[in-house]
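Have a look at these structures, which come just after this line.
What follows is chain A paired twice: with chain B in the first complex and chain C in the second.
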Partner chain A sequence: MPHILLRRLVDSIIVLWLASIVVFLLLRVLPGDPAILLLGENATPERVAIMRHELGLDRPLIQQYIIFSTHALRGDLGESIRAQQPSLPYVLARFPATILLTGTATGLAILIGMPIGVLSAVRRGSIYDAAARGLAIMAQSTPNYWLGLVLITVFAVGLRWLPTSGYGTLRNLVLPSITLSFVLLGLIVRVTRTEVLEVLGQDYVRTAVAKGLAPTRVFSRHALRNALIPILTLIGVQVGTLLGGAVVTETVFAWPGVGYLTVQGVYARDYPIVQTAVLLSAIVFVVINAWVDVMYVLLDPRVRYD
Partner chain B sequence: MEEKRKPERPARGKTITRRELIGTAAITATSIALGRSIGWIPTASAQPATKALKFGLNENLRTLDPRMSDTIRNDAIVDTIYDQPFFRQFTGGKMELVPRLATSWERVDNRSIRVKLRRGVAFANGEPVNAESFKYSLDTVYQKSYAAVRSYLFPSVESVDIVDDNTVRIRTVKPDRTLVPSLTGLSLVPPKMAAQLGRGMTTRSAGTGPYQAEEFVPAQHLKLRANDKYWTQPKPRLDSIDMQFIVDDATRIAALLAGDVHIINNLPVDQVDRVRRSDKLEVRERTTGRVVYVAMRQDRGPLADVRVRQAFNHAVDKESIVNNILRGHAQVANSPLAPGYPFANPNLKPYPYSPAKAKALLSEAGYPSTFTLKLAAPPNYRPVGEAIAGFLTEIGVKVDFESPEIGVLINEVFTKGPQSKYDAWVYGQGTLTFQEDSILRLRFHSDYNSHWMAYRNEKLDALIDAGLFTLDDNHARLIYDKAQEMIMADAPWILLHYLNTVLGVDKRVRGFTARADEYIYLHETSLT
Partner chain C sequence: MKDRLSALPVLARRYILGTIGAAILVVVVLVVALGAPVLVPRNPYKQAIAERLRGPGATIEGHTFWLGSDHLGRDVLSRIIYGTRISLLISATSVIGAALIGTAAGLVAGYVGGWPERVLMRVVDLQLAIPFILLALLVVALWGPSTQNIITTFIITSWPVYARVIRSRVLVIREMQYLEAARALGQTPTKTVFRHVFPNTLNSVTVLASYQMAQILIVEGALSFLGLGVQPPNPSWGNMLAEGRGYLETAWWLATFPGSAILLTATAINLLGDALRDWLDPQMRSMRF
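And then the complex of A and B:
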């Protein structure tokens, strides 16, 4: 076990380092000058030059990267160009909102999606199965933005049960998390259904049934546990999709998360903010995938990383 | 003894074991504590706030430091927390100055003015408003070393001197008729606090205005509370203002329709009817100083010929754009200066729509056959850009239209300049202080536009300079009338329209009107 963790750690550091280079270069390849975008296009070239010097943008790219990376190693990810505050605490302050939103959405998707997928597999070929599969396809192909607006129109404007947007109470969480859960819901239903079907056809399940175990016990002890592994992988891999979906959902619901901040940062060419947000998101991605790997071992004793 | 032998009851149904009970209680207590600590569960029952205005703003407020504000919305909100020496009032649509923290000003000579400040006003942190705070506030805006965003208002200031405790003298490099109106964009800040906090002024504030910041959470909201020590009448009529940042148009409209907010700004024109259908809401709007146009690079082949540029002005049906795309929420422009400018020339006429005339002018200029125009419009002007592409196609021009993100457009047009891949682009130019010089100089003076528009008219340059240096209003009117005529004849732009500012407002909101300077002005606002 310690061996895996060590190897995981080394892998993770390489991934994060590469991510930092990619985001650093991509931002600078993008046309657009942060100094002009901040000062406005009417600023005199002289003032723009002062600003560029202050921001360190007048130095060669290599030098800029060395400064960025050496500072980053010391935990200093620069200062936001627009907000003029240290970017690490600024971005970190947005993380709880995004984690709360994506976490709740994932939880909802699992709580709703897995039972539907399981039932769909168990009652294969029934009307129920057809409905579940239809729902899965619908959920997967519904654009996030559109769904968010429909939910707002029905539940906030029409019925007035919930607030249209904002952050701070559980009532605010309902619509955004349902909206975002649809990103995963369809996938979870489909994968659960496929996996459970496959497991139900296995010899050991037939054996368990043959030796007279109660169907619920066969299901919970033998079938579901083995079906869980691919579902877990799926969630690990889909963290990226979720964070991407969070960008749209956060924008629609004025949710003060990291996704929306990143998009605004790109528009303003606020390099430090985007670099910090991408780096932190990469850390989340790496940590969750490492956690998924560890969970494999716990769920399936056959899995060994040697 | 008997008790012990009893088999333990299985934890089923409604029976709860002690362990479970303790566990549940612990979890509940922890989650409530957690909920409270992050503010999700209110610690006390919320007081029904009687006069709490909620405002849905279309952008994330960036800073509370008035010197660093870079959008008109941000300006308006920080200028509510702070006060300015003078302020803008619109009477009969024209901008006028009213004294605020200053009581009066006088001209000392043609390069300096003296400003007298009101006595007995203090910032919310106790520092007094006096000559020292005035000097500090202007110094940290105009001096280059501070790189303040609003420095563009004071290009000519040379020095600020304290005459006595409540009098300052401002010297300019050259005579500058825009100096006093520009002071409406100077918010006075408390010097000790500002010097101590430096960039910390982004999130903390202490002004003299009617409402003071109580809580500023970036990307969420700014909570303002009435300043009960506000120094003048009318006293604030609301207890609090909650500025909620709702950037998405559809969500902001939904918030207004659902009654979550009382006012929203930037109501898209295609949503106006939806708001009007509600008997609780209304639309308040006004034509602003924001002029929308197509700038043309005068060094690109056919565009160098004034007849081609005039032809383009004839080819575009401005009325149709205003009526169909903007649904009437704009006014066809007859000059680069909107009617709110003190010296806007009301006698000028827009180029009449006439494809025949346009074609004739093109032939006359020697371009009877097709040529290609690379036209760009940022996403917010995309529908207008597409319409223009259509009109120009009708007179035989091949239009290559793109709608790049604003950062990319600015990079092409303003940074790359002569190497820009675009020949022409749709753009808008608003104004804070309604000074003729600001727009004429920035957009038409060859010192400023040679790089990105390559427009040069030395007679016009001379007029613009003379206008700035003229301190006599009658003379200035003659100069600016002539300058506007010259621009209309030269047609460096395809001149389009002045945009309206359109707000969706709950009918119970009183004392709040749409303003020509696009300001969100809440000083006299109340709720019934």
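And then the complex of A and C:
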């Protein structure tokens, strides 16, 4: 058991290390002066000089990276140009809003997508199946920025049932989370359908049916449980997509999360914010996928790390 | 003929209809993109303040705005037609570039193994860990949003997808008997890869490229929507949406039509991708991306 988990841990650390190199290099391969990029155009020459020294811009690239990474390990990812405060806590403060949004969207996608996928598999070849497959492809092909605008036009502007933007109440959460859930919804329907079809063809399901187990029990005990694992993997792998979707969705709904902050950071050329956001999403990805690995063991008795 | 059709399972017939519909739509989009200058009812850049924000079907001085006019009085239909050209150019070029690089990397990683494989797999992990759009935003913000930079960004951020899939295909192909035969006959590794391995990965590349095409079409729209893609006054589906955003209450057509263009095109390409997969590469059914 420790062997594989250890290897996964090493892999995760390597990914984070690579992410830090990407973030570091992006600002250095530019023609401009990183110190000015990091401080903004309006910085005084004295501050730029101090920054140049802190970044070690007069030293070789390797040394600069060592400075960058030792600072990063201490949680120092620079200072936001606009907010004039350390960028890590500044970005982290927006994190709960993003977790709330992506979490709700994932929950919605699972709650709606799995039953549709299961039914689609069970009634394979029916009109229902064709409709579910069509819906899944449409959901995957829907640009979330557009879906957001359509939902705003219909439910906020037209019917006036829900607010167009904002944060804090349950009513604010409805439209953004539906918008964000769509891409994942399509994927979950498709994967659930494929997996359930595969599981239903397995010998142990036939045995369960043959020994007279009620269809619903066959389903919950055997089919669903086994289909759950690939879906879990899918969600793990899609964390990046989901966070990317949150960038756009949050911007459409002015949702005060990390994504909205990042886009504003890009507009304001507030690079420390953007760098922090990129690193943070890599960390979230690594942590969630480690959690998925642990969930495997809990869900599937065949998986034993030994 | 009718008998033969009804002999097919109900399901297959339904899919065939969907596939044919999708294929027709894709052909239409291609024709529109190629023939844009001839097809547009009006110069897409022509402004006419007096004719601003007219609804779909409004006719002014002999010109009919079939899909309405925007806040500068430009013809929305003409702009969508020109937008097709730009969106397809960006996504097709990006897909071809990324497919070439990714396939080459996947072949090397899968066939050679060793450290190239290990390096590649970590890069693939990295690509999964950093949201595509976030990286694209950062790169385009730093380099400036020219069409060339957008395409480069998409290639840089999407080639690992191909590398991952091709590598796993190569791992299977490597164990096939015909490769054993080639090796036994003393064929050089380079020749083996080109003659035997590469042709057998082509189907997977085709299927993947079609899904990626839809994906990049949507992401390009997102970049333009955020103001970091195609720059106005050049029309793209994404920046038209962004411009229409301020008129949701008064001029619904501004955001509705470009959005529908993206949705329809992406759906058609994805449907075709499904058909290609069932036809060319059924194993990919279990692949998740």
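Please note the rule applied: the second predicted complex is superposed on the first by the 254 of 306 C-alpha atoms of A that agree within 3 Å, B and C clash if a C-alpha of one lies under 4 Å from a C-alpha of the other, contacts with A are read in each partner's own complex, and residues count from 1 in each chain.
Everything below uses one rule, namely that contacts are C-beta pairs under 8 Å (C-beta built on N, C-alpha and C of every residue); 3 or more make two chains touch, one makes a residue touch a chain.
Being a predicted model, the structure only gives us computed values, none of them experimental.
Asker: Looking at A:170, would you say it contacts chain B, chain C, both, or neither? Reply first, second, both or neither.
Answerer: Only chain B is touched by A:170; chain C is not.
Asker: Is A:51 touching the first partner chain B, the second partner chain C, both, or neither of them?
Answerer: first
Asker: A:160 in the overlay: touching chain B, chain C, both, or neither? Say first, second, both or neither.
Answerer: Once the two structures are laid over each other on A, A:160 reaches chain B alone.
Asker: Mind working out whether A:67 is in touch with chain B, chain C, both or neither, as first, second, both or neither?
Answerer: After superposing on A, A:67 lies clear of both chain B and chain C.
Asker: Classify the contacts of A:240 with the two partner chains as first (chain B alone), second (chain C alone), both, or neither.
Answerer: So A:240 only meets chain C here.
Asker: By the touch definition at the top of the document, which applies to A:10: first (chain B), second (chain C), both, or neither?
Answerer: After superposing on A, A:10 lies clear of both chain B and chain C.
Asker: Which partner does A:256 contact after superposing on A: first (chain B), second (chain C), both, neither?
Answerer: So A:256 only meets chain B here.
Asker: Let me test your reading of the model: by the given contact rule, A:281 touches which partner, first (chain B), second (chain C), both or neither?
Answerer: After superposition on chain A, A:281 lies in contact with chain C alone.
Asker: Examine A:111 and indicate which partner it touches, taking first as chain B and second as chain C; both and neither are also allowed.
Answerer: neither
Asker: Quick check on the output: what are the common chain A residues between the chain B footprint and the chain C footprint?
Answerer: Residues common to the chain A contacts of chain C and of chain B are 30, 149, 152-153, 157, 251, 267, 269, listed in rising order.
Asker: Residue numbers of chain C touching chain A in their complex, please.
Answerer: Interface residues on the chain C side: 9-11, 14-15, 18, 122-123, 125-126, 128-135, 137-139, 141-143, 214, 218, 221-222, 225-228, 238, 241, 244-245, 248-249, 252, 255-256, 258-259, 262-263, 266-267, 269-271, 274, 285-286, 288-289.
Asker: Within the complex, which stretch of chain A touches chain B?
Answerer: 30-33, 36-44, 46-47, 50-51, 54, 82-85, 90, 93-94, 96, 148-149, 152-153, 156-157, 160, 163-170, 251-254, 256, 260-261, 264, 267-269
Asker: Can you check the complex and tell me which residues of chain A touch chain C?
Answerer: 11, 14-15, 18-19, 22, 26-27, 30, 124-125, 129-130, 134, 137-138, 140-146, 149-150, 152-153, 157, 187, 191, 194, 198, 230, 233-234, 237, 240-241, 243-245, 247-248, 251, 262-263, 266-267, 269, 274, 277-278, 281-282, 285-286
Asker: Under the definition above, what is the set of chain B residues touching chain A in their complex?
Answerer: Residues 38-40, 60, 62-63, 68, 70, 144-145, 147, 149, 151-152, 155, 199, 202-203, 217-221, 244-248, 250-251, 254-255, 257-260, 405-408, 410-415, 442, 448 of chain B touch chain A in their complex.
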